[in-house]
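Please go over the structures that come below.
Both complexes below contain chain A, partnered by chain B and then by chain C.
On to the complex of A and B.
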């Protein structure tokens, strides 16, 4: 059977799309609803994944405690970044946040004692010893898999189990965020996006709301980072380069800004473009080798971004009256 | 003391390249309000055009430099017609321009990857020739970089200060509508701004590739944030500020590794020094060190 038709392959694509849904949902809160141009989103994903792995391997924490701590640390980083920078104008905020993300990445590459350095978390336990942080997770996943086997038989593989888990969490988070933006809190976020001065004139503490939006987004990025770490068993600083942030923007803008249910749609489309085309084994894809395909994919993503801005700024499912891109 | 001079010399090399890149970013921002995220990839484009001439067709490095400048200037003007002008006509706002620039950066960089190969490349120049100037050792590439960069800086400063075109650019950057009312041909000046920014990006790309000795298309993004830092340091939109900001930033990056400064920062953290300067300036003096105080 060709890879295209295999359930396992599409399960993998689905896992990637699920992780990106959670990541991009955080950006939807910051960018789509609040109008914050955060270009350091990937750094919060990195902080989440690294904090968890370091606490488990170096401090011997249990996985669940370490994961909660990782989300808390990411929120802390969000507040730390937001406090001085959220007063800046949009374009300055974008530059500052991407500089922050690059500092995080350079530290992850060079602080070998803390992070394992450029080779990644496999070197966390020190030289000559392969570190593993996800034993507890694999055990948990195994028990879920056993349960799934009762229902769907031998199709319940590792990737399919992960697919179920990551999308279960993603859907819960989507429902929570959707509920949150329908509250008065959410309406204040939108009013800040549409007219910051007006919100301020009505007595809303614009700065505090922006900070909260940044913290919520940071927490969601950290959760995405945790799932990324669980799925791949080890990771390196290169996994959180600025491209990841651009991918999250592509998903939000492709699906449609200011509409939560557009995020999974954008993420699935992105997953198919990004992970799916890797295994297309028919022309014209078969004419390119795998390295060339990687470049073509990124060119396509760039063209999608430009095309959306030019021809459909509200994205596929966005509301015209709530456009962030004008 | 020799170490200090050596670091200062290295800083001038890095700084002058950043300065040339930064002028283009600053002019484009000042006139069009575009934060050109693709500028680093304009540099890469220039470097690889030069590579095609120098290695592909065995052309002399000077010929390669001319080709890089010409081709990148054309790229700048071409994209004005193909992308930026249509976007402006649609009334694209800050966010849209930002996202479009990122899309453009992805396209440009990976087209270069696709055409120019991913393996590290180098120009056909003598990399082992080193000159000793009173204890300060500079490679031939570094000397060429300083020479070309300083000539470019002087030329640009002259162009901006003395020529009609330069005055139009500065006028547009100061107040667009006022300049238009005063009879400045906005569309024409904008095209020339892109030509200038592109040409300078071509030079900066070639020089950066030259001093890196072996380079991949990723060097553009690595240099982009230091370039932004220089622009911010000099005051966004101020071309002279960007020149000075670039030189200062290059010196700061290199001197941060000086042993006498508490042992010096490890040289792998040089980019981090640049990003920290960027963040600090934005927080403490967002109008830039040389900029006029106004609401930012």
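On to the complex of A and C.
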């Protein structure tokens, strides 16, 4: 059977899309609803994944405790980044967030004693020993898989189980974020996006709300980082390079800014292009080997984005009217 | 009683002294106008009063509490609200949402209260919505409540800002050219509303406008600025008769207005 028709293949694409849904949802809160240009989003994903792995391997924490701590640490990093920078104008904020993300990544590369260095988390326990942080996760996943088997039989593989778990969490988070932005709290975020001077003239503490948006986005990125770590059992600093942040932006723009339900749509489309094209075994993709396809997909993503901005700047689910309001 | 009081306030931008030791008083329940030629420092002074600019010197008292150097949102919570010369509509929010946003004391603006006390959030939201719709009726925007604020005309945005400002429950409203772009019949109605709000709710209005005829007819107190300083203050008649004012401001036309 060809790859393209197999359930396993689509399950893998779906897992990637699910992880990116959670990641991009954080950006939607920051950029789509609050107007913050955070170009360092991948760093929070990295902080989440690394904190969890380090606590499990080096401090012997149980996985769940380490995961909660990882989210808390990512929020802490969000506050740390926000306190000195959120008073900056949008473009300056963007520059400092890029710098922040690169600092995080370079620390991950160079602080080998803490992070395992450039080879990744496999070196967390020191040389000569292959470290693993997700024994507890695999056990949990196995038990979920056993439960799934009762329902869908032998289709319940590891990837399908992961697919169910990631999307269950992603949907819960989507519902929660959607509910939150419809409240008076969300109204304040949107007012800051539209005009922060007007918001502060009307008695809103703009700085405090930007900080909250940054913290919420950081927490969501950390959760995405955790799932990323669980899925791949091993990761390295290169997994969180700036490209990841731009993928998240691609998803938000692809789906439509300030539309939560556009995030999974954008993420699935992105997942198909990104993870999918590698395994597309029909022309024109079959003319290229899989290594070449790995690069072609970046070109495809770029072209899709350009085409979208040209022909549908509001994204797939966005409202065109909103784009022309001045 | 003086509600807003500025003493020797100064602010420079580079070599330009935008406000250069201005002192003034706005009486409670008055409609006070601030006039002066372009570049006299009126808008800078409004920015200082509303917390957007920190003065280099001097003090600003609101109801006998110092507010200079406090951030805009803190000044607003003490009862001072301002509008902008170029209206700041929240474009991608509905007209109604623009006004809802301005309401004070909505516990639902805090995440933990949304979870802890959803009932009080909903109750307050109902109150706010009723109040907001009433204010929109006042400025004749009730028919556009669900439209994006970004679709409004310049004059309609002025009106929206007026409604939004009142929604914050202020004691004093600073209006920066409130009537610019508003059709004359509606402008007259708004002036009537200002008088009514002053009588019924004890509100104070402090406005900058270039329409001298309107300013002189509506205000019970006029403050004249020139080159960063207050050069005259008094009733419209007193100010009209002041030779300094005629010279600095009205004198460019070679005659007094009236």
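In this section, the second predicted complex is superposed on the first by the 319 of 326 C-alpha atoms of A that agree within 3 Å, B and C clash if a C-alpha of one lies under 4 Å from a C-alpha of the other, contacts with A are read in each partner's own complex, and residues count from 1 in each chain.
The rule is short, and it goes like this: contacts are C-beta pairs under 8 Å (C-beta built on N, C-alpha and C of every residue); 3 or more make two chains touch, one makes a residue touch a chain.
Fair warning: this is a prediction, and the values are worked out from it, not measured in the lab.
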Which superposed partner A:246 touches (first chain B, second chain C, both, neither): first
Which partner, chain B or chain C, touches more chain A residues: B
Which superposed partner A:305 touches (first chain B, second chain C, both, neither): first
Partner chain(s) touched by A:132 [first = chain B, second = chain C, both, neither]: neither
Which superposed partner A:313 touches (first chain B, second chain C, both, neither): first
Which superposed partner A:98 touches (first chain B, second chain C, both, neither): first
Contacts of A:197 with chain B and chain C, given as first, second, both or neither: second
First (chain B), second (chain C), both or neither touched by A:90: first
Which of chain B and chain C A:258 touches, first, second, both or neither: second
Chain C-contacting residues of chain A that also contact chain B: 325-326
Touching residues (chain side chain B, partner chain A) in the complex: 35, 83, 86-87, 90-96, 98-100, 102-111, 113-114, 118, 221, 225, 228-229, 232, 266, 268-269, 271-272, 275-276, 278-279, 282-283, 286, 296
Chain B partner contacts - residues on chain A that touch it in the complex: 35, 37, 84-85, 88-92, 94-96, 98-100, 102-103, 106-107, 109-110, 242-243, 246, 249, 253, 291-292, 295-296, 298-299, 301-306, 308-310, 313, 324-326
Touch list for chain A against partner chain C, complex: 180, 183-185, 187-188, 190-191, 193-195, 197-206, 212, 258, 321-322, 325-326
Complex interface listing, chain C residues touching chain A: 50-52, 71-73, 76-77, 81-84, 88-93, 97, 100-102, 104, 106, 108-111, 114, 121, 125, 148, 150-151, 164, 168
